[in-house]
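To start, the structure under review is shown below, and the notes come after it.
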Amino acid sequence: MLRYLTAGESHGPCLTMIIDGVPAGFPIQIEKINHDLWRRQQGYGRGGRMLIEKDEAQVRSGIRWGETIGAPVALGIENRDWKNWTKKMSALPEDRDDKIAVTKPRPGHADLNGALKYDRSDIRDILERASARETVARTAVGSFAKQLLAPFEIRIMGYIRSIGNVAANLSRLSFNEIYARSEESPVRTADPDAEEKMIALIEECKREGNTLGGIFEIVVLGLPPGLGSHTQWDRKLDGRLARALMSIQAMKGVEIGLGFEMARRRGSQVHDEIFFDPIKDVSEGTPRVVPTGFYRGSNN
Amino acid sequence: MLRYLTAGESHGPCLTMIIDGVPAGFPIQIEKINHDLWRRQQGYGRGGRMLIEKDEAQVRSGIRWGETIGAPVALGIENRDWKNWTKKMSALPEDRDDKIAVTKPRPGHADLNGALKYDRSDIRDILERASARETVARTAVGSFAKQLLAPFEIRIMGYIRSIGNVAANLSRLSFNEIYARSEESPVRTADPDAEEKMIALIEECKREGNTLGGIFEIVVLGLPPGLGSHTQWDRKLDGRLARALMSIQAMKGVEIGLGFEMARRRGSQVHDEIFFDPIKDVSEGTPRVVPTGFYRGSNN
Amino acid sequence: MLRYLTAGESHGPCLTMIIDGVPAGFPIQIEKINHDLWRRQQGYGRGGRMLIEKDEAQVRSGIRWGETIGAPVALGIENRDWKNWTKKMSALPEDRDDKIAVTKPRPGHADLNGALKYDRSDIRDILERASARETVARTAVGSFAKQLLAPFEIRIMGYIRSIGNVAANLSRLSFNEIYARSEESPVRTADPDAEEKMIALIEECKREGNTLGGIFEIVVLGLPPGLGSHTQWDRKLDGRLARALMSIQAMKGVEIGLGFEMARRRGSQVHDEIFFDPIKDVSEGTPRVVPTGFYRGSNN
Amino acid sequence: MLRYLTAGESHGPCLTMIIDGVPAGFPIQIEKINHDLWRRQQGYGRGGRMLIEKDEAQVRSGIRWGETIGAPVALGIENRDWKNWTKKMSALPEDRDDKIAVTKPRPGHADLNGALKYDRSDIRDILERASARETVARTAVGSFAKQLLAPFEIRIMGYIRSIGNVAANLSRLSFNEIYARSEESPVRTADPDAEEKMIALIEECKREGNTLGGIFEIVVLGLPPGLGSHTQWDRKLDGRLARALMSIQAMKGVEIGLGFEMARRRGSQVHDEIFFDPIKDVSEGTPRVVPTGFYRGSNN
């Protein structure tokens, strides 16, 4: 029912989002969206732009007196550095200046493919939209969506599992503990030893002018059974989640549950046995939205 | 390929549009969009708001140096009266003021259905989005789309056929003539006699506190054959046009070609005979984008 | 949520429909679908094919033991004349026979546009799919949808208002009466005088080798308020209905309520005044699915 | 432009597919679809059903004389075991037999979630559609799609990388070699040593009544640059591919290129450097559809 589009170039005047199909009567706090935008800007070793830009969402429609009204929600996030780009990113033909065109495509970016597809001689026409700054818009949309889910006691949490070859040891911690500790960490991990090594690794890469990848994990608690559907290929929840994640810049792998580890185990070691107890219907202390009495002994 | 969403309340800070799937390299002039917004605000007998508000589109993304770059185009149109509505339409919960709630649903509007569907006790939550001011957003999107079609020499023209019971006599005029004359008329008709009667009728209705409907006609010249498709119900061009038109506020009928008149005639009087002449491949002087040599003797 | 695709050529082996997004647990009777297919084949003056073909739907998936199970519903309707077309409509390359190609495009059909768009030299490749036999598939899908609505006491009725220049006089009859009488009429009208004239007119046109159009009216009783939405152009109910109707072969006009007549009246004569009475919440004797207490004094 | 829906239960009369938006004039051979259906049924250790069922696609529309005609393509694949299921999977209410209901949900299947979502007391209503037999339908659709791509010299190849903890060593082989050798292997691998171990592992699991997973790789050669788009989240190619793959039953991980290995490396070790040479514009001997002169030194 919900759908969204985003627009906006990295150095354009602002990012714009429209979220359509919004139910009415849900409380929305802009501060929560801004908090998630702030979270996105943290992270050890982020570039200088993160320091000059404190992103803030402006509500342009769809929220009145702190509540959704059913109308599409338009959000805007202004580019704080816009004053330095008014000519370079101007919409007006008289500002054209071919001398500043970007003509060298970078690997690891959409530069080459985009320029070929859209037939642009100035690669800036591509890189401005392909930039990871677009994830600011998705962060705002996701933060809005989290507020729609909150009344159902559905919680969404994310944290780092590894950076480069340094993996966090997260065993013996509940999801809630992992999340709480990660939120306090500059590299968003709940493992203090790994944190130290991750920071050292980032510093090392910075010195050598290199970059690093990593793996993050997302946990959702409190979901009712029956989201998605087995009935048609494009309604399957796993597929929709994989699309959403793989569409993020630089993402090259998505796993659900045990993921590829499942391929190495035998069936008896991966299936989550089903139990029934009308009382024990909880998941990590969070009461289930749709208590059914069924639960699983594992979470692969 | 193209899709668009609009957002924005009638008295909110601004209207927002995102047009996605835009091809790159098309020249776009904002003045042309603003001209169409101005056209929308003309018309004999329009309300006072039309006088205080000169709508102007702001480009927020997708157009650089006068050209589309393939990225989604976001447009914004600010509400010039916003300063008088900041509290009444505020997004913040602290501005809530239930004393000013609209509680009387009006017939001929979405007030009642919307309030029931979205469970709103203040009908303003409905009427602000259902308002015909939303057509400002569609005018801007349509004007943008016209500029995408212009390089293919496709022209879109609209004018009034009747207001209330006064119908224009447009026989013996070409489409181009009808359009040119209508653009000069305060009631956008090419028939001077009808114009006089229409104005008198509008004045009469104004005096009695009544409203009036009318019929407009849209003509598109220069289209290539083969838009839409006969192969699936939701690809048929007639259906897509009808949806676009019937989705406009207050529209209650759509006809294509002769429309309902066809139902009264016999087949021999309605079909458009097909001829072939490799030279005579023109339509009102506009060379065809895809010259095929085929033409029709009538245009029912 | 529901979506459907149809497939099948007029003289191919069968028509195929997939209806996806079907809720589970709804009783479905194939006989009702077959009854609607039979209704489609009636009508004074239909061609000879209607006599040889008694269309029957076969359930290929999604219905078990008389109930939907949530899975997509596939229906098939075989072409009873297929044995005469196996070569002409074969899928196999060895059956190609260019000597039987149709090369003369007919006006009033998709022949010319389709052949140009899909670059076919044998117009049969176009006319087979563009044929009005495709409405057999839509009749089956619609009949299925009616059964989904029936538990909510929503009734959908259709009948003829006019054929050629002969209009039925349907005043002073309730919708239920009009429908009941029309179902008994060979030209599906509730007005016996008009019936006689319509039949005479059809006979006259047959003699002169001509065809005729007409106007039908669809009435839906028992709908809850709030279908569709005012919030986005493509969610508006009027637009979606107009698309569905205008996508039917040969349809050139769609009106909702008074339709174009509204354009001729003043506002005070077209708006449906809103009343409230918690008891009088009925519509022609059909209890409302979602009783709200609101009702209208007219139905324009 | 292309879209498709599938329908059909595992033990129902047949699977049904509709592919819509098909371009006209493409040669289609049913034998090629049947060959891919046969390939799907191979594989060491497949269950007994694979032996009794030789799946064959029937063309029900959209292909004439060996060519697509632009119309939707409907395919059907009959269930060869249907005669044993006519009562158990009947569409008729009189065949209901609650005594044979499946009431025990299996882990690793949609049984429990589906039964809760669709409120079914007989889990057969869920498992019949959730069954991996649905991939027969997708195999046919995919095989059809491969034939649309073939004229552009685009080749799609798939093979096994690992089964359980046995990984194939595929280094020093070109994609074409890997594919050719894998097609000859009962476990579809190009590494003879791994093949032996995989077969032993499968036999061992069979003896202990266990199951096994594995990892397969898909290679596409000859693609033009510019499929998908960086401009909107749901147009990104990686996301669309991930959705398609993760929507297959039992898939729990998707990687593109190096995948998760990228997360462990530094940027300098993962980016694919861009070179330009107007002559060397080939990829494994396959001439590029859209020769651009650009090529990459690696393929991460």
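Going in written order, the chains are labelled A, B, C and D, and every chain counts its residues from 1.
Keep this in mind: contacts are C-beta pairs under 8 Å (C-beta built on N, C-alpha and C of every residue); 3 or more make two chains touch, one makes a residue touch a chain.
From a predicted model like this one, the values you see are computed outputs, not experimental measurements.
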Compare the two sides of the chain A and chain C interface and say whether they are made mostly of the same residue numbers, over half shared, or of different ones.
same
Averaging each chain's C-alpha atoms to get its centre, pick out the one most distant from chain C.
A
Euclidean distance of C-alpha centroids - chain C vs chain D, Å:
37
Length of the line joining the C-alpha centres of chain A and chain C, rounded to whole Å:
45
Report the inter-chain centroid distance for chain B and chain C in whole angstrom, where each centroid is the mean of the CA atoms.
28
Note: chain A residues in touch with at least two other chains are 5-6, 20, 70-72, 114, 117-118, 126, 129, 229, 231-232
In the complex formed with chain B, which residues of chain A make contact?
3, 5-9, 12-16, 18, 20, 23-25, 27-30, 59-67, 69-74, 76, 89-97, 114, 117-120, 124-126, 128-129
Report the residues of chain C in contact with chain A in the complex, numbered from low to high.
20-21, 70-72, 229, 231-232, 235
Note which residues of chain C are touching chain B in the complex, please.
5-6, 105, 107-108, 110, 112-114, 116-118, 126, 129-130, 134, 138, 162, 164-165, 205, 210-215, 225-226, 229-234, 236, 238-247, 251-260, 262-268, 270-274, 290, 292, 294, 296
